[in-house]
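Next come the structures, one after another.
Next come two complexes built around chain A: one with chain B, the other with chain C.
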Partner chain A sequence: MNEIEKLDSEIDASCRVSLLALFVGAAFWLVVASVLGLIASLNFHMPEAFANCPWLTYGRVQPAADDALLYGFCIPAGLGVALWLLARSGRTPVRGALVPFVAAHLWHLGVLVGLIGILAGYSTGFRWLEFPRGASSPLFYAYLLLALWAMMTFGARRERATSPPQWFLVAALFWFPWIYSTANLLLVAWPVRGVTQAVVAWWFGDNLLFVWLALVGVGAAFYFLPKFCERPPQTFYLALFAFWTLVLFGSLCGIPQGAPVPAWLPVASSVAAALLLVPLLAVVIVAWRAVRGSVLSKWDHGPFCFVGAGVVCFFLSGLMWMALACPEICRVTEFTWFVPAQAQLQLYGFFALTMFGAIYHILPRSAGFELPFPKLARAQFWISLSGVALLVAPLAIGGVAQGRQLQNPGISFAVISNSTLPFLRVSTTGQLLLLLGNLIFVLNVFGLASAWKRSVLKKALALVKAPLETAEVQA
Partner chain B sequence: MSDESDHIPPEPPGRPPGPRSPAPMGFFILTLVLLFLAAVYFDHHSGWFNAQVYHPFVNANELEKYQPKSGEAALLARGMATYERVCGVCHGNDGAGKPGQAPPLAGSEWVLENGVNRLTHIPLTGLSGAVDVKGQTWNLSMPAMGAALSDADLAAVLTYIRGSWGNKAGPVTPAQVKAARAAVAGQPPINGLQALKALPE
Partner chain C sequence: MKNGFRIFLAALVALGFSWCAFVLAPVLQLGAEKQTTVLNSSDLYPVQRGDFAAQGLQVYRANGCAACHTAQVQQDGVGCDVVLTGMGTNQPADFKAFMKSLCELPDLQNCSDSLSKNLAAWNGALPKILLHGAREADAGKLADKLSAAGLKSEVRIVATGPDIARDWGLRHSVAEDFLWDDPVQLGSVRIGPDLANVGARFPDARWQLLHLYAPQVVVKGSTMPPFRYLFKMEKTRGEPAPDALKLPRELAPPSGYEVVPTDQARELAAYLLSLRAEVPLHDAPFTPPAPAPARPNKP
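Now for the complex of A and B:
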């Protein structure tokens, strides 16, 4: 082992406990999210099945599934990746690993409280901000701690010059506390009045779902794609451009065209969404230049597929996001299945796939063990990808069909709802595939974590025995 | 580190930062073009941050047209609205009348008379039998279309028909309508030209 490799493995080891805490919890919530999502979509096929159990009604299960995915999986996974990546790219180990370890547990506890709160009927009622207050404060402080530690690691970096992935991730570290506190203060603690509430909620949803996820996911992709392809990143200025335009235009979107607010708000939103074309194209070009014509080693191949597919889904979901903000298209797609299709493509297709790739790369190195089921992990790529396709495509197509029928006052609402059923059936199949993929992910992460725990126990046992042996030798 | 980790190859070591190749020029041009189009769109649709402009309206001037007015303009607007709702079906929104349905109001001597007593009576009791309007005889029947309107509304309607489509005669006040309403209480429709002329001007 040479100097550099030694430092790398020291850094990996310094993140170990924090990453395990973050990723194991994330994997768990991922499965919870899929199960809840499945129950929610079953509610459409068998409306009587859960009708007598208020905890499992659609209005509670659906937001619980969404939040389990977003807060349970996406954010801790993203934070773990950010922590490792800032440590690695700054060539500094994480100091005081106990703090992020505790913060990770606090975060997962917050998610648990929040999900129970939603299912028990204490949701705040704001989209993507459903967690009741008892959950949002632990989440906020846990995030602050994790972000603080990641920032300290970044501040102590040995490589002073910064690179594109670092900007994206550092921005994401700041973004969440800012939007989460603002939204909670203005909507839950001291609610603003009237329609302003809706505006704040839209702003928050856009900034979390579009901007935060994009910052972390694209940042990770910009780091991993060149790394997997073993070539230096080629496109410094274009990445810089992508960063600023993404932050600038992305954060202004989100107010739907039909919103009952003064015209300048939705108009500004749709103008910003049209301008998103610039960062979307920039991201694709940067990614393309990184991977063009490269040959991958067998080790990097699996994670590479995940991250690559993630970037493609980022572009597609971005286009759908732009379509939703275009007044002509929005008139048809608003209030249809097209909207959740976009969100699912964003969450599962783009972010979850990218995180799978990143975690499959990071976790074995950091924990010091191979993946227990590498073949399954490779199969998971195809399972998850087809799951995303089967979930999103029918919802999107069905949404457009539904929207066009809704334009026709001659067709009754019940008939239109019924005609979306075949699409929903296919998308439930997609959800089942995703669940299968998620189970494989959990199997790998949990297997890795327990292998590590066993080795720790073995070492501890050996330590207990060791002094005796040396004493004997001396005697 | 445990033995198992030997299977995982170390990451390729940190590479020197790549050459800082410039971003493609076409990209900036695209951005500028998009920015320009966005600005134009915003200019046309946003109402420039005016908190009173909502979709589907696009600016304050457009809104102005729909705002309630005051004074004489308000009276005419009210008269026009009521006229088009109640009388326009027969007399036409342009006041030109419709052959076989109703005589014209534009230029009609009954509308333009200096005194408004006869004119006010017509919508309050209705009119039937042969009447001459602009040299043509009409033998039709008009129900008491104005009886259900309030004094202020009927006054606004009559003021409107006396002041529109080239008509230039003075206004009718609610007080005049009120007096006429009291006078016609319980009377049958005015029947024919003679009966109409018999009314004081």
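Now for the complex of A and C:
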């Protein structure tokens, strides 16, 4: 083993317990999210199913499912990937792994409290910020600790020159505490008055769902795509340009057109959203330059497929985000199923797929074991990808159809409501496929974790046994 | 970008800018918002809800009604309605003939099509909307012609757009409407109808309670989940309680029992009834309709 490989495996080992804690919990919440999502969609097959059960009524389960995916899976998975990536690209191991390990558990505890809170009726009532206060403070401090450790690892890097993935990830580390504290202080702790609440909530939602996820997901893709294709990244300045335009324009989207707020707010948002095309194209070009020529030869490499598909979904969901801010288009798409379709494409199609690829690459190295079911992992790509397509496409198409009908006051609301049902039913099959894919992911992650735990136990047992034997010999 | 500090600075600048624009500026602009006066009146708007109805907003939040309902009406613009209110001694047939002659005038070319369409199936009932959502100039010309002929008419300012035509409100929602709400529940998806003005559409608390208990009974094929856990079954003591639900046979409780709303359900219904954005404001003008007899509840 040469020097470089030795350092690599030392770094991988230094992240082991933190990554296992983050990813095992994330995998668990991923399955919880899809089960909750299925319960929610049951409402459109039999609305009376949970008439007597407050915990499972649509208005609670639906946000709980979204938050389980966002806070339970996306953020801890992203933080784990960021930690490993900053350690690896800075060529320095993570010190004091106990802190991120404890912080990861604190985070997952916060998610548990938050989900129970929503289901018990303590939601704050703001989209993407539903977790009540008892959950948001542990989440905030857990994030601070994890981000601090990742930043310290970054600060201690031996390779001083930074690369594009590092900018994206460092910016993301910094982004969340700011937006999360602002939103919680101004909406929950000392609520501002009137529609200002809605404006702050939209600002938060855009900065979390669009900007934060984009920073982490695109950062990871910029690291992994060249790596998988075994070529050095060559597009430094274009990536820099993508970074700047993404944070500048992305953070100004999110105020819907026609909202009951001072008119300059939606106008500013729609201008920023139109400019979003610039970073979207820049990201696609950087990614394309990294994979050009290797797409066909890498087609059977699982992590590559996941990350590549994630970038494509990022572009599509970015286009849908732009459409929702364009005054002409959003006349039709606003308030329809198109809105959740975009969010699901962003959360699932872009971010979760990218993270699957990253975790399948990182976790075996870090834990020191092979994936227990590599064939299933490969099958998961196709299952999850078709799940995303079957979930998002019907909702988006159904949303446009619904919007066109809503524009025509001659069509009664009941008729519109009925004509969206077939689309919703198809999207339920998409959710079933996603559940299957998620179960495979959990199987692999849990399998790896338990293989590691078994080996630790064996070593501990050996240690316990060893002195006993010598004692017997003496006696 | 050799060092980490510059990345930090880049993020600081971008996020700081968006924070100033979308958090600080709205807080400064709207934070000190006060009640406004109703257009052409000295009444203050909005009036604060009573405690009971305000509590209902918390029930609304806790049960995630905003996952399916928006509470924000939109409009395309404003236009003018010309309403015929009196014909003197003329008969409807005479009036129709007169209008036909008017339609041929070059002044009224813009609106002749909609005029003749609006009058096609008219049986003579008054008041009659002759023109809907027209431009101010056209409406004025028509009103002048009518008054020259000794007919009584009114020009009313109305909001236009699909939401208004669906009877979801008389004007678009504006910032003032939400002054007292905490949390503000604008909603983002219309799986169900908009509720910004639902108290005016269904002013009967009993209707609201029955709909919450069994939406599918009130509206066939409704996909709204029933909220039966907001109600309780009780033994009837003597006379049935005044707010006991009148349920169809398949949902009725066993004899000797009745279904009554809990406090939460009553609060929620009071909140729904308080959702009325019916007054014209400076930034959302319209001519209020003449006080009509209470509208019958329609499903």
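One rule holds for everything that comes next: the second predicted complex is superposed on the first by the 460 of 475 C-alpha atoms of A that agree within 3 Å, B and C clash if a C-alpha of one lies under 4 Å from a C-alpha of the other, contacts with A are read in each partner's own complex, and residues count from 1 in each chain.
Criterion: contacts are C-beta pairs under 8 Å (C-beta built on N, C-alpha and C of every residue); 3 or more make two chains touch, one makes a residue touch a chain.
Remember, it's a predicted structure, so these values are computed and weren't measured experimentally.
> Quick check on the chain A-based superposition: chain B and chain C, clash or fit?
Superposition check on chain A flags a clash between chain B and chain C.
> Between chain B (first) and chain C (second), which, if any, makes contact with A:457: first, second, both or neither?
Neither chain B nor chain C is touched by A:457.
> Taking the superposition on A as described, I'd like to know which of chain B and chain C A:98 touches: first, second, both or neither.
In the superposed model, A:98 contacts neither chain B nor chain C.
> Per the contact definition in the header, classify A:260: touching chain B only (first), chain C only (second), both, or neither.
both
> Is A:248 in contact with chain B, with chain C, with both, or with neither (first, second, both, neither)?
The second partner, chain C, only.
> Going by the contact rule set out at the top, does A:268 touch chain B (first), chain C (second), both, or neither?
A:268 sits against chain B and chain C alike.
> Looking at A:185, would you say it contacts chain B, chain C, both, or neither? Reply first, second, both or neither.
neither
> After lining up the shared chain so the two structures overlap, which partner does A:161 touch, if you call chain B first and chain C second: first, second, both or neither?
both
> As a test of reading the superposition: which chain, chain B or chain C, is in touch with more residues of chain A?
Higher number of touched chain A residues: C.
> On the A-aligned overlay, A:368 touches which partner chain: chain B = first, chain C = second, or both, or neither?
In the superposition, A:368 contacts chain B only.
> With the two structures laid over each other on chain A, which partner does A:193 touch: chain B (first), chain C (second), both, or neither?
second
> For chain A, what residues appear in both contact lists, the one with chain B and the one with chain C?
Comparing the two interfaces on chain A, one with chain B and one with chain C, the shared residues are 161, 240, 258, 260-262, 268.
> Can you check the complex and tell me which residues of chain A touch chain B?
1-2, 4-5, 8-9, 13, 89, 91, 159, 161, 163, 226-227, 230-238, 240-241, 245, 257-258, 260-264, 266-268, 271-272, 274-275, 277-278, 281-282, 285, 297, 299, 364-365, 368-370, 451, 455
> Write out the stretch or stretches of chain C touching chain A in their complex.
Result: residues 1-4, 7-8, 10-12, 14-15, 17-19, 21-23, 26-27, 29-31, 33, 61-68, 70, 72, 74, 162, 165-166, 172-193, 215-216, 219-229 of chain C touch chain A.
> In their complex, what parts of chain A are in touch with chain C?
43-44, 47-54, 57-60, 62-63, 121-127, 154-155, 160-162, 166-167, 170-171, 174-175, 178-179, 182, 186-187, 191-200, 202-203, 207, 240, 243-244, 247-248, 251-252, 254-256, 258-262, 265, 268, 335-337, 339-340, 406-409, 413-414, 417-418, 421
> In the complex of these two chains, what residues of chain B are touching chain A?
The touching residues are 1-2, 4-5, 7-24, 27, 30-31, 34-35, 37-38, 41-42, 45-55, 57-58.
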